[in-house]
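Order of writing sets the labels: A, B and C. Residues in every chain begin at 1.
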Amino acid sequence: MSLLLEARNVSKSYGVFRALENVNMTVSENELVSVVGPNGAGKTTLVNLFTGLLSPTSGEVLFMGKSIAGVGPVVLADRGMARAFQLIQIFPKLTVAETIAAAVVSQQKKRWRLVSQLSSDLRISERVREVAEIFGLDHRLNTVAASLSQGEKKLLDVASAFALDPQVILFDEPTSGVSTSDKHAIMKTLIAAGKIAGVKGIVLVEHDMDLVAAYSSRIIALAGGRVLADLPPDRFFSDPHLIDTVIGKRKGH
Amino acid sequence: MSAFANILAGGVFHAAVLFLVAAGLQLVFGVQKIVNLACGSFYALGAYFGITFINYTTQFGISPWLIFPGLIISGIMLGFIGPPIERILRSVYGRDESFQLLLTFALVLIFQDVFKFIWGANPRSLDSAYLVYGTLRAGDFSIPVYNLLVILAAIAIAGGLGLFLQRTNYGRLLRATAENRAMAEALGVDVRRIYSTVFTLGAVLGTIAGALVVPTAAASLDMAIEFVIEAFAVVVIGGLGSMRGALVGALIVGLIRALSIVFFPELEVLAIYLIVIGVLIFRPVGLFGRSFA
Amino acid sequence: MTINSATLTALIGTAALALLPLVLPPYYVGLMIPFFGYAIALLGFNLLFGYTGLLSFGHAMFLGLGAYGAAVMSGVFGVKSFELVLLAVMLGSAVIALPIAFLCARYVGIFFGMLTLAFGMLFYSFLFKFYHLTGGDSGMRVPRMNILGLTFERYNKIEFLAGPFYYYCLGLLVIAGLVMWRIVHSPFGLHLKTIRDNARKAEYLGVHVHRFRLAAFVISAAFGAVGGAILAFRVGLADPELVYWTQSGQLVFMGVLGGFSNFFGPIIGALTYTLLQDQLQSLTEYWRSMLGVILALIVIGFPEGIAGLAVDLRRRLARRSQ
């Protein structure tokens, strides 16, 4: 199994503050790795390192074997890594079709085409329809993003990330703000969509432990900038001390 | 050597006037987050009205010695235009910056014709009565006492503003509203009144500056438009929203203008734009500005 | 706007403009030449503003580059072909815009506006200071050139402007419109719109935000130069006042007047402003303040401009007929 994403002895300091200390983690093919931990544990810093926004103070961050330190989201999108946000990010004036098409244009490397018309590009419109269908947005293709419902906006946000045809997707609290009954449905959609889209690895940053327990191949617990544990769910949840540190109270109480 | 000192003194005088207008700009930007293109128009208004006021009062035999305070008073009198204009600008608070710029640009256009209508298209000036204050001489160096008075007034106003903002309760309120409007509102602050007051204060600083300048320069239609650029240069160099920035920026711009006349007459005005561009590239928040999204 | 309604608008508009010289007195026809110049320049300006979200307050400098470029090429180097001049000023303007764009496009909002304002005024001061090169405040002469290789010697200036040159400029506008339409509806154009709407998200979708802002800036500079060359040709003079910051403000005014969210907005804005200014100038010497009031009204009440009002009207009529 090849390594998709890797952090090797990564430390990150902001001045005297050490946000991450000697973090090692990997994501391999067909894995859904969850990153959990209390606020301030360094999750955001780790995510920003993985999405090329930061460079580690020491150590390496690798995607598909090549360093991605500070390369930025655009380069990473080209290399095959996508990110979906916690707070919904949309293009208010663009339609669902246009939003997805923007990603497809990047993926099909057509961004510098100045005079060919989008409307007549079948490869793009077919791919847009494909992606929209996976997320149930195909009946809303011509709706302007600002008029969508919150749930639809969330789906669109994720759909546009998928349209990049990435190898790895990083989900930053994808179900935050969603009612509990919908959370599992959304996770299932995301994972199924990932399979259809050919996504090989998923990184999930989450607070909801039920979701983490249900869908992860492995769980990585961060606390105080260090990796506390890197275990499959069954072993993770059988350690009460670990759960205490991560969520502050025992599961089931 | 003394010619050089004379030129520098002229630069400091110019800086004093610039500071007043820039301080007004900074106040308004700091609190209301509006960049006021009409600051030059307030300046010109102060100049025109200052001339009218002084001519009027001299008719009644007011001593020429009172020109200095008289001009300041005339500037303050114009404060009444602050609230209605702020009321108009209120409609674009919180909207895209482009609209704010455009609305203040509309004001510039309107003011141009107001000047034309009231004072005519030709430049107006005050006769040299201000020379009644005499000239200070030290060897070959000389500076009209009037200019010194203006410089001192600017320093006094700078100090006063500083004390006001830092030490008084109202000043603290202003700073709080500038930092976080929502929070201030939640704490019961009447933000609307603060906006109105701040804008008026900014306007008055501009009109006083214009009034103070007329003994040495003519009031003209071009004044409003040309001055905006320099005021903006000051604010960019000093840092948007910073009072200290207004002071330092004004000194820099005033002195650069003076110095470039001596050393690089070809460049002169170009030098200022180059510095503005340089600052925007290397330190976009300016010397004293705080970075914001 | 669908392709069909756009095509209809374009066809009707072009036809109306083509018939104008047959209906209006030559004075008004001559007035339309600046309209063509501004319209083309504004198409470029709106690529930057309406489609990429960058408000330039120094755009008049590119009109100036076009004007002075035309003066240099035809007045100094004796180039007779207006087409050659147009190509040259487009290229020159784009080349000069490149480093400026590189510096400015890192910033957005007010800083972008101020930087472009500074560059615009820098160019203005340059034109004044280096008067032995540029003619200072007298400007530079722009002699009459050949269009499509023809000299039209038989025509005097007024006839030329109201006749052959009018249709030539109409042709230029149509071409410029077609090119801009294609750009705006291309994959490149889509990426520009994402930058306008949410630059951060756009990055995550693989949009080269900085590079594309640069590209939009350079393209808009080229369009601006064409507009400036037309303006200078008509007057026979490249005038430094064309570059003053209030002229840049006027461009923004036209853009907002017409409606910057609509493809035809800039053209409508240029037309309306040109006619408005002319009418107001003949009515009163205080026309500037009237324009100021109109601008204020638009900003406060009708931010989508005339095009926005028209679209709104159509929508209401469509709803009513249901």
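In the analysis below, a residue touches a chain if its C-beta (ideal position, glycine included) is under 8 Å from a C-beta of that chain, and two chains touch if they have at least 3 such contacts.
On a predicted model such as this, the values are computed, not experimentally measured, just so you know.
**Q** Testing understanding: with touching defined as stated, what is the shape of the graph linking the protein chains, line, ring, star, complete or other?
**A** Per interface graph, the chains form a line.
**Q** With centres defined from CA atoms, tell me which chain sits nearest the overall protein centre.
**A** The chain sitting closest to the overall C-alpha centre is C.
**Q** CA centre of subunit A versus CA centre of subunit C: separation in Å?
**A** Centres of subunit A and subunit C (C-alpha means) sit 43 Å apart.
**Q** Roughly how far is subunit A from subunit B, centre to centre by C-alpha average, rounded to an integer in Å?
**A** Once rounded, the distance between the two centres reads 51 Å.
**Q** How far is the middle of subunit B from the middle of subunit C, if each middle is the mean of its Cα atoms, in Å?
**A** Chain centres of subunit B and subunit C, defined by C-alpha means, are spaced 33 Å apart.
**Q** By residue number and range, which residues of subunit B touch two or more other chains?
**A** none
**Q** Across the complex, what residues on subunit B touch subunit C?
**A** The touching residues are 35, 37, 88, 91-92, 95, 97-99, 101-103, 105-114, 116-117, 225, 228-229, 232-233, 236, 240, 266-270, 273-274, 276-277, 280-281, 284.
**Q** Can you tell me which positions in subunit C touch subunit A when the two form their complex?
**A** 3, 179, 182-183, 185-191, 193-194, 196-198, 200-209, 212, 261
**Q** Note which residues of subunit C are touching subunit B in the complex, please.
**A** Result: residues 49, 55, 57, 103, 107, 109-111, 113-115, 117-119, 121-122, 125-126, 129, 244-246, 249, 252-253, 256, 285-289, 291-293, 295-296, 299-300, 303 of subunit C touch subunit B.
**Q** Could you please specify the touching residues of subunit A with respect to subunit C in the complex?
**A** Touching subunit C: residues 51, 72-74, 77-78, 82-83, 85, 89-94, 98-99, 101-103, 105-107, 110-119, 121, 124, 157, 160-161, 163-164 of subunit A.
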